[in-house]
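Multiple structures follow.
Two complexes, one shared chain (subunit A), two partners (subunit B, subunit C).
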Partner chain A sequence: MSTGFHIVVCAGIVPDPLQTLEPVSGPQGWALKNEMMLPACLDPWASHALFEAANLAKNVSDSKVWLVTLGPKAKVQQVMMTMAQKVPFELVALDGAANGFTDAAETAAALANAIEGIAGLDKSRLLLFGGWESASRGAGATLQIVGERLGITEQFQGVDQITIKDNGAMEILERVEGGSHQVSECSSAPAVLGWATGNLPEPPNNSQIGMQNMRLIMPALQKAPATKIGTADIAYKGIELPKQQRNTRIVKDVPVEEIAREIVDWLRG
Partner chain B sequence: MSTTSLEAAPETLRTLPGDDVRQILWRFADRFDLQMIVQSTRAVARGPVARLVAEGGRNSHEWTDGKNKLFQAYDEGGITGVFLEPEFGGIVEGPKNLALALVAWELAWVDAGAATSSLASNLAYAPINERGTEEQKREYMQKQAPLQPGEKRKQFRGSFALTEPLPYVGVDTGTVGGKLRVAEWQEGKEPILQVDKRGRFITNMDVANFVTVAVDSDDERIKGSCMIIVEDTDPGTFDKGAPTLKLVHQLSSTRDPVLNLKVPASRIIGGYTIQDGLIVPNYSLSDVLEAVFRRTRVTVGIMTSAKLLSAIEPVIRYQRTRARGGASTPDTPKYDLGIQQKEDARHRLVDVWASGEAGASFGFEVARIIDAFDIVEKEKEKVLEEQGVKGARSQLRVMRKLTDEVLEYLDLKYSPEDKRDQARYQELENNTLIQYAVTEAIANVYTPAVKLWNTSQGAIMMREAVSLMGGYGITEDCPGFLCQKWFDAQLEATYEGPEAVQRRQMSVTMINPVFIALMKHWIKELRGIAARKPETGACNLATAMQLWLWVIDYLQVGKDADGGKLYTNQRQGVTFPLADALSWLLTSRQQILDVLELEEKGPNNPVVAEGLEGTVAFLTDLCHVQAARSSGEVGRICAELVFGYNRHPAWDAEGCKTCFNEDELDELESVIPGIGSVADSVSDVISKDGTHPVKAGPCARFDGLKTFTKYRIKLDGCLTGSRLAKDRASDALMHVMIPEALDYPQ
Partner chain C sequence: MTTTDQQPEAARQEMQVDIICTGFGPATGGFLTTLSRAMTKEDGTPAFESKVMPGMLPQVICYERADDIGFGVSGVVTKAKSIRESFPDFDPAAIPMTHEVTEEKVVYLLDPVGASRRSWLVKVADNAIKLFKWILPYRHQAMELPWMPPFLQKHKGIITSIGQFNQWVGNQLMMSGAVQIWPGTPVAKPLIEDNKVTGVQLADQGTDKQGNPEAGYTPGMDIKAALTVVGDGPVGVVGRDLDLHFGLPEGNHIRDWAVGMKMVVDLPAGCELKPGTVIHTLGYPEPEIFGFMYVYPDGVASLGIFVPSWFDNPMRSTYRYMQHWIQHPYLWRHLEGGTLRSWGAKSLQESGRRGEPFLVGDGYARIGEGSGTTNVLTNSGVDEAWESGVQLADAVIELLEKDKPFTKENLDETYVKRRRASWLDSESRIAQHARDGFQKGFITGMFTTALVGMTKGKLFIPFKAKRPHDRIPTPEEYYKGRISAEEIDQIRKECRSKGLTLHDRLMEKAGWPEIKNDGQLLMSHQDILLMGGKVQATGNYADHVTFVDPRSCAQCQTLICTEICSGQAIAPNPEGLGVVFDREKCVYCGACIWSCSEANKDNPEYSNVSFRAGAGGLHSAEN
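Moving on to the complex of A and B:
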């Protein structure tokens, strides 16, 4: 009998964090100004989940990774040009709206439905991965609801580490206050793991992996079913961007040592 | 009753054009291999490369550990492997010029030295790839492939050594100082050759394990010149040499190597034969160089254009935020727009942007043409071999005989389908040699043109971009490294042959009848575009092309004031400016064609469709701005050449031959009333007392003046609307949404 995991990573796409994000209300409901036109990336929380999933799949034989995403497929395709080069996975795409204003329950229902439809997926071996929250909205609800709809009761949120023990049980570290972790042991799949940042760096691009993934990604995108997720029937009382955050200095790719040094300087200062 | 206009404001550019728009414009929307290469290269460029520049890593010419480490990033990021065939681990099937152009684009967006560093190995390999034997190709491709995990072997990197210490090879490649002699030649065995070469300004010497070297025979047993491969472990001297004290492209290594090595004759690129006791290389140095530079010069042109477009976002951000802080209050024009309130600042940025777009459009088009050329060139070789045609001269004879058919093919190609002999068209379309002749005619003009225009105009416009940043522009703190990019542009204009070389090549290739015929068809095509989309400026460009064609004809038969021929090799004062003028036309034309492509294909992509109307409107305005600029340049150059070689008429008998005499006019007045009042607008009038207007002499007159003036006046009239386009584009700059910060450090 096979013992590997079937890891399904739920990941949305979000506007590149350096873009100017301006909420606007239109006939379709709330959205970000020019959101379709802004460059997008895979939700950073979910990206961590994907990297962890690939790592787990590499270390536990006979495991497989699927990436399930709901978003405008032309935008998802652009994001795949980067993500496909990171780790091996099979894409399951749903073509529909994805932004911080959609209803988590509706999105979760569509995702759960898509997961149910994955051919060859063994739910007894299923680990449902995703971000414990999203860069488009930090509600942290979607993954839990997907899990519930799939009938998975073992749920872990804010996960930073998973270790498979000799007996096959999973040791899972979840974030709690003050940089501490809660350590749990889960005897077997299925389980939901909503990832925080994990421990793994972003893998470098590997064009060979990219070409392999693309063979399945392009057909998956082509047949992505149109999935209606509306925002029009949701009434938001107030919408604003986290102001404080926008005053921070935005830089990309600063080495860890440099960030650490700046923080130390700031603490001392 | 008052009326309110219900017309919505016209759509304009909403965000900076993203990848999806670029993929359509530059025609790689259906190539995910290329899209992935773009993303990986971008990650390296805006990651480790940008960090090194931001840390000051490019402030000196010294080779450092930081610079050296970038090679690892190129390897891991899949950049080094772009040129590899799939069997060696590459991901691009078929020709790779467009792929390499995209790599150059992404790296130069941040730092062109990094682009040079990464592409120099491709340049080193290019002679082998284009003219090497199958064994040489396989051997050096394998040696250069990045190591796979666990693989233990030395990974090769290369240098290309053509340029030599003065007074040898520079622009002119005819005076090669590098020598090739026979070191040992035992009966029945392969000869061992002595390569003796001093290089100057050779890129990548700090990391090179092999060098492709240009040499000339210094031994009566070797015939002519060739390129040959040397390796660092060959017996003899492989001295990297002194570093070049350069001020540009500091992330690349440049040195003056001294190479004196013994190598087997099998290292001669393309192989050799023994004829009557002589070693005869299969390809001479010029054969190899022609094939190499045809490909590698394109990527250099691309680099400079990337820098222009990379400057747009930082300049807009600077201009917009220039007046924030102090007493300025949010939600006022001063706070929100800063320097963007000033028309000139916006107009100048429009010029920078338009030049960048034109260069990019043209650059990628040339890369695609060279890709097509790679295929058709191989097919041509096959066909000629089947026909038993051997050797360059015989090939040339066969091709020359085809000229009439090539011209016939072009006539059919550009005729409406329902009006042409379709069977004949298909026949010619399927003829490999005809396709080769057309592609070659284009490539022979386009490659030097892209190197010439993109880098020389790019350097000028990069300076403009720097100036828009004020004092900040010339500091290390300037976001986007604009000052370094400006400086670097001068090297792009210089290496792989400076402007003079490109102009010289164009002056020969642009009068090829096939190319001239194409131009004539393009004029009609542009008029058709103008009829549908006058706002592109296509009509203006068509008129400028017409003028250029007339002038090049005129100058080929025309003589100067002393009876000297005008269009000759020696007369660079005539041929070179015409090459410049042509480059303006070609870049502008491609810019228009790309925007039409976007307009047509954009609606099929839902992401691009959103906001497409505004994006197309803005890019169309840029086309018009650029077309006006191009036609202005062409008009100026042509006028100077047509008039400039005539001696100005003097107030002597000869010069006054065409003047009116006041007495004559009085007499004529009775026959043609009013002639006196208009005569001085047609010609000069000599008064009764013999005095004449105070100026240099009577106005110039010569055969052809009338036609020239007709075109020139038409050209000026065709500028109509171009400034309105500029105003619209400059307004768009005030509204376009830009990110909150640059996506690479400063």
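Moving on to the complex of A and C:
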């Protein structure tokens, strides 16, 4: 009997963090201005989850990683050109909106359905990975709801580390106040792990991994079902970008303490 | 123990593919679009079989240095005849920031601030325009030329953003499943064995700035292929290494360059400019600097300037000059109240056909701008680059069908022969002397361009092109009669001690008004990097800009590399002599390569700046 994990990583795409975003309201509800023109990347929290999943799969034999994503197909394809070079995975794609104005419950329902439909997935070995937060919305609810819809009761959020013990149990470190971790032991899958940043660096690009992944990614994108995740029936009372003030100054050889003091003074001001 | 000693030497892996492409731009887009369509038969079965993975389609991989295939830089106006041939149902509306050309203007800008350095002939022309302004199409201190030479016209062409165009092409290619494009993957060098190109080596990852292995060191893989398609542009490392190894054909040179810097702007409400409008400017901020504005749909415009290598000014800060240019009354009336969306810069190889390298050799072929496709008479490069890619793809298909190897002889017989028989070659022959006159100044340049254009290349004056570093004057020479040598020396000392460039101080001393930042279109150089360029550098790669002989930098009086640097990535060393490089600000424009005033001691055709491949740079797909 196999003991490996079936790791499903739920990962949305978000605009490249350096872009300027502008919410606009249209007939289809709220969206981002020029959304399809904005370069995108995999949600940074979910990216960490993917790197951790790949690392776990590498260390636990007979494990496998799926990446489940919901986003505009053309943008997902672009993101995959970069992500496919990082770690091995099999893509499950849903073609729909990913602009941050979608409803978490609707998104979770679509993702859960897609996961249920993965051929060969053994839910008794399932580890559901994702980000505990998202760069497109701060609710952090989607992953929990996906887990609930899949009937997974063991849920961990703000995870920084997972260690597989000799008896097969999982030791999981979750972030708590003051930079400390809560250490839990989970005897077996299935479980939901919403990742914080983890401990792994971003893997270097690897052409061999890219070539392996792309053989399955392109067919997955071609058959990605259209998935309606609308905002038409959601009324937002107000939408505004976080206020920002720019005050750029280039300094060299200024002690860190002095820079910190200046920033604190500026914030107080 | 050194850092290198602390890390075990990781093995350099090797991978075999069938065809490698370096750089994803219009030329590679044309190549891959044409090739991918021929890879499968109408019934869906493979037309060709991979030599390295029998039973599969040929493995075709394109490596792109930038973090996304859409992070290119160029506002484009093109006749798009080759692009339309590739896409017979081409609809400009399918690509954001794209529109058919509806109106074209050439505008001569007079100097509204009195600081521009104009020759007596230009001053005569200026005064004549002012004298007869009542009968000339003169307004807002500019004269719209009543007639546009046919060779400049792009009637029925398109304007587009190269970033958006590349994304559109790349998405279609990837969906075909026939080829793979890997962004964020810089190539370190071509692999050359016995004068045969056998593939490329990818850049090492997990190194310090000097290239020494650190934690997570991953040596760049050797990718071997029967054919390496070199389309990495004028500053691409593979093309430049091949030029260095094989030299250039007799009589050819790459001495003419320009850096194009542009902004993408949300035009203010009520702006009267119509989508499809193309405006070319000349005359200001300096006569040698040309400008452009292309108006896209939805109130967005792309605009910028070109600073050429024959602009003999050691203080040629493209950014500062662009700020003055956009404030010219003729342009500012359209732009005031607008907001910056994006910004970027790129070097252009302006030698055109005379910069053509050996197009093919055993195992490689050159396409695009780095292969000399840019037409320096019509100021057109994208469609020409695309066409060169299409021609190479047709040649490759022919060789695959005949099961012939990619030898120099076979590539000559298929690709070069096609190119020589095409409009691409005949038009570039007409254009090849069009820019010669600019070696002697603006007026001579305009005259020789017109002469070549109007006679279709039959008449020209063959001025010899100087190497860029042979023509850079010192600040003292350039500002003679305007700023004293003592003042310049004092300013130099003050600026260098703070790690600052000189151009702001010297330009303002010479009469250029201070820039009043408005935070919308006028902003500090640092802010435009963050707000417009969204510049980012991934760690773990070696610095891609290095200085071959630091002693040359230490004694350099101009440090022109710091003045022209589009991202302020190269700056005077405040702690000593020479310069320092900050890769987190580099936008990969490559202007430092050809602006350096110091010759490379081993090869005077090159400068003292070495420019390699690295990841990062601009993060905007709107350029």
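Operating definition for what follows: the second predicted complex is superposed on the first by the 243 of 269 C-alpha atoms of A that agree within 3 Å, B and C clash if a C-alpha of one lies under 4 Å from a C-alpha of the other, contacts with A are read in each partner's own complex, and residues count from 1 in each chain.
Everything that follows uses one rule, which is that a residue touches a chain if its C-beta (ideal position, glycine included) is under 8 Å from a C-beta of that chain, and two chains touch if they have at least 3 such contacts.
Just so it is clear, the structure is predicted and the values come from calculations on it, not from any experiment.
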| item | value |
| --- | --- |
| Which superposed partner A:V254 touches (first subunit B, second subunit C, both, neither) | first |
| Touched partner set for A:Q208, first subunit B, second subunit C, both or neither | both |
| Partner chain(s) touched by A:P72 [first = subunit B, second = subunit C, both, neither] | first |
| First, second, both or neither for A:P39, with subunit B first and subunit C second | both |
| Touched partner set for A:Q222, first subunit B, second subunit C, both or neither | second |
| Subunit B versus subunit C as contact partner of A:L18, first or second or both or neither | both |
| Which of subunit B and subunit C A:T82 touches, first, second, both or neither | both |
| First, second, both or neither for A:S184, with subunit B first and subunit C second | neither |
| Set intersection of subunit A contacts, subunit C complex versus subunit B complex | 16, 18-20, 34, 36-39, 74, 78, 81-82, 85, 204-208, 210-211, 214, 218, 246, 250, 252 |
| Interfacial residue positions of subunit A with respect to subunit B in the complex | 16, 18-20, 22, 33-34, 36-39, 72, 74-75, 78, 81-82, 84-85, 204-208, 210-211, 214, 218, 246, 249-255 |
| For the subunit C and subunit A complex, residues of the former touching the latter | 13, 15, 59, 61, 67-71, 96-97, 164, 167, 170-171, 174-175, 177, 180-185, 202, 205-206, 216, 218, 221, 223, 341, 499, 519, 524, 526-527, 530-531, 534, 536, 540, 574, 619-622 |
| In the complex with subunit A, residue positions of subunit B that touch it | 14-15, 18-20, 32-33, 35-40, 43, 46-48, 50-51, 76-78, 81, 89, 91, 605-608, 610-611, 737-745 |
| Contacting residues of subunit A [partner subunit C, same complex] | 16, 18-20, 34, 36-39, 74, 77-78, 81-82, 85, 201, 204-208, 210-211, 214, 218-219, 221-222, 246, 248, 250, 252 |
